[in-house]
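Scroll down for the structure; my scribbles are underneath it.
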């Protein structure tokens, strides 16, 4: 349960430490010299403990996705540090970065666009292994099929293409793809937002199982506080490119401190009687 | 017929056309260079099935041409001798693919007759044979030039779209200049500054080079567009997250998206390039005599008396129409098909 | 306003790029112009020396180009070695003749393309639409070269129209009206061929643009109000389809110029086309470059006109971010 899980995050050596991360986007008009800087991250400080299920919430435009990409090393921040295993990811060179990348994986919101439609399911899950020159073709295939089994995709769908899967199955495929690299931190950027409630429940179950089996840590980015309330250990709130509040899930919903947090909490519709599948976690 | 079936049918037709060009030696009754000054500007004969006495023959035949009394240019049929059409005859020697010697032709008539299916030109050369031999030059020059253009366009467009930066800007500016020029003027200008008199092989490859070089801009811009949008896709970002390098991303994720567009472009460019070769040869800047190309075969029509009296000299021009129809139809079908492929 | 300035700047840059490109190409040419000139008996030694001095013919490329640019700024487009006279006079006359043809052809093709395209869009369903599709396909597949030769052959055989050239032999003695008639008779064939060559593509594009617009809600509303069909088509739908069509205008000028070169050569119309061809065979450097740059100038001007029209027609461009 969430309350118990909160114990995990307290007083543990952090897996990831973000210090004063900043990034702005500059919109360069081709012929004019005018530039409009848009600040996405404005000095973000964040600590993620081992095994924690940390939710990151905030309004649209608060910088959540940018942070996710910076953590996954898909974008470079302008200033600040991301400490992971004693190294600052921001300052790493390409070669070292390539070694670190498998450990932090990003799951995108829309699996349909995150999976190359021309690749078969097996190709997709094997791809990271191919890129990293892992073992023989057979070993790669084996590992890929194992990962797919763990997310509940049987081997006979290995040759199907993304458009032949349902939305939920596609997202599971994306998770399997991340799994083959034996990650330590999984960043989920609104990964369940497009799915119906039952599918969300299903995948949440899988995520919890995987967390047990592989000692994973999750950074779950969402604007859906209803879901966050039920699954997260801790919650961090972002506003205007900064983290403005951080507390365990129970505490945050009981007594939100910041005005923006209060607004978010108030906005959660209280739908009585609707619960995810009982006994799931 | 379903769209795919139509596409394959047209493609098969075009392949057959090109195959016919390659086997020009077999299909043509004569060589492209054999002259016969006494048979200059002979009109196409009538294939007949009924002879002088009114008997019907199963095998078609022709009458030889004879100069009209008192004229040096007008012909009439010489009914004194019939020349039945024979198939699989032995005739003038030729080389298959330039290697094997052969003498078998699809059809022909007995000596001293000459079957001039499309008439003859000013030197008494058989137009039909020259048309077939000429198709080798015209059709393949267009095809190879298109391959060249697409190759340059693919390379520059992919580089430009993927890596961006000042190289992208530079390449785009240059491509704009190329696109700004009316292409025929550009073609001529480029051709102008290269050697004017060349042996046929040299001329052929020079043509391919010039035509292909002139047209790189549009394919490059199209490829760049596709690569640019592919670069921003989530699945490319994801692959980068696995540690994929730039060339890998280009090769496995970005470039496969361009194949549909490239194929459609190819179907559009080939006929344009065939026309470019024909135009250049027509103007005297392409393949030179005696090697025939559909262009230089039409060049004789620039003389007034030829245009006025000898209509069959125009036939090589009409040969272009079915080729164009085929390629344009293919391009249309490809365009529709590419639109429906999962983006 | 900034939009127009930007487009003008762009046009100038393109012209400059073209001139540079032409000079680069010319440098690739084998042989030496000075040597070839010396071999031509009709050019005197003094002229050669003057040429060398003025145009820096034996200097490296950048200097040659700089000298040429300076001359162009003064209105001097170089010297024709074959004709032994300044290039400007030759090019001027030929350019005017080409303009005569292409302007007329542009006007006529758009004059026909718009109503035909609107009509085709309106009758899209049914046999008329299919006939239209087949007709344009066939016409598109007939190259200009063939069209020109066929028409010329017909003209020559029937003697209905003059077989080429721009004016008759007795032009100078004709009355002004007669002159006009003579010119029109000579222009008819080339213009018809050029128009027929570009019309199918234009009509198709107009039709496609109209079809896209005709689907819109405000069209259905207009029809629902009972407005006459012609009103709906021409006053409502057509202006909405104007944007892509105006862009097409610039493109059509390009195709027309290319088509005109071949038609001019075949029909002996004394325009830039035949001049370029002659100059190529005579290795007349400045004439070749002049012809290419002038033709590009016309194209760029055509595109600028399109930009102006777009500016006038689309309020978003007028008021939007420059």
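Quick notes on this structure:
Letters A, B and C name the chains as they come in the text, with residue numbers starting at 1 for each one.
As a working rule, a residue touches a chain if its C-beta (ideal position, glycine included) is under 8 Å from a C-beta of that chain, and two chains touch if they have at least 3 such contacts.
Everything numeric in this text was worked out from a predicted model, so none of it was measured.
Compared with chain C, the chain whose C-alpha mean position is the greatest distance off is A.
Contact analysis places B-C first among chain pairs (by count of C-beta pairs in contact). Centroids built from CA atoms put chain C at 58 Å from chain A. Centre-to-centre, using mean CA coordinates, chain B is 26 Å away from chain C. Residues of chain B found to touch two or more other chains are absent. Of all the residues in chain A, the ones that touch chain B in their complex are 69, 72-74, 97-98, 101-102, 105-106, 108, 110, 113-118, 127-128, 131-132, 163, 174, 177, 181. Chain C meets chain B in the complex at residues 13-14, 17-18, 21-22, 25-26, 28-30, 137-138, 140-143, 145-146, 149-150, 152-153, 156-157, 163, 254-255, 257-259, 261-262, 265-266, 276-277, 279-281, 288-289, 291-292, 295-296, 299-300, 303. Contact residues of chain B toward chain C in the complex are 173-174, 176-177, 180-186, 188-196, 275, 278-279, 282-285, 298, 301-302, 304, 307-308, 311, 314, 317-318, 320-322, 324-325, 328-329. Across the complex, chain B meets chain A through its residues 233-235, 237-244, 248, 253, 256, 342-343.
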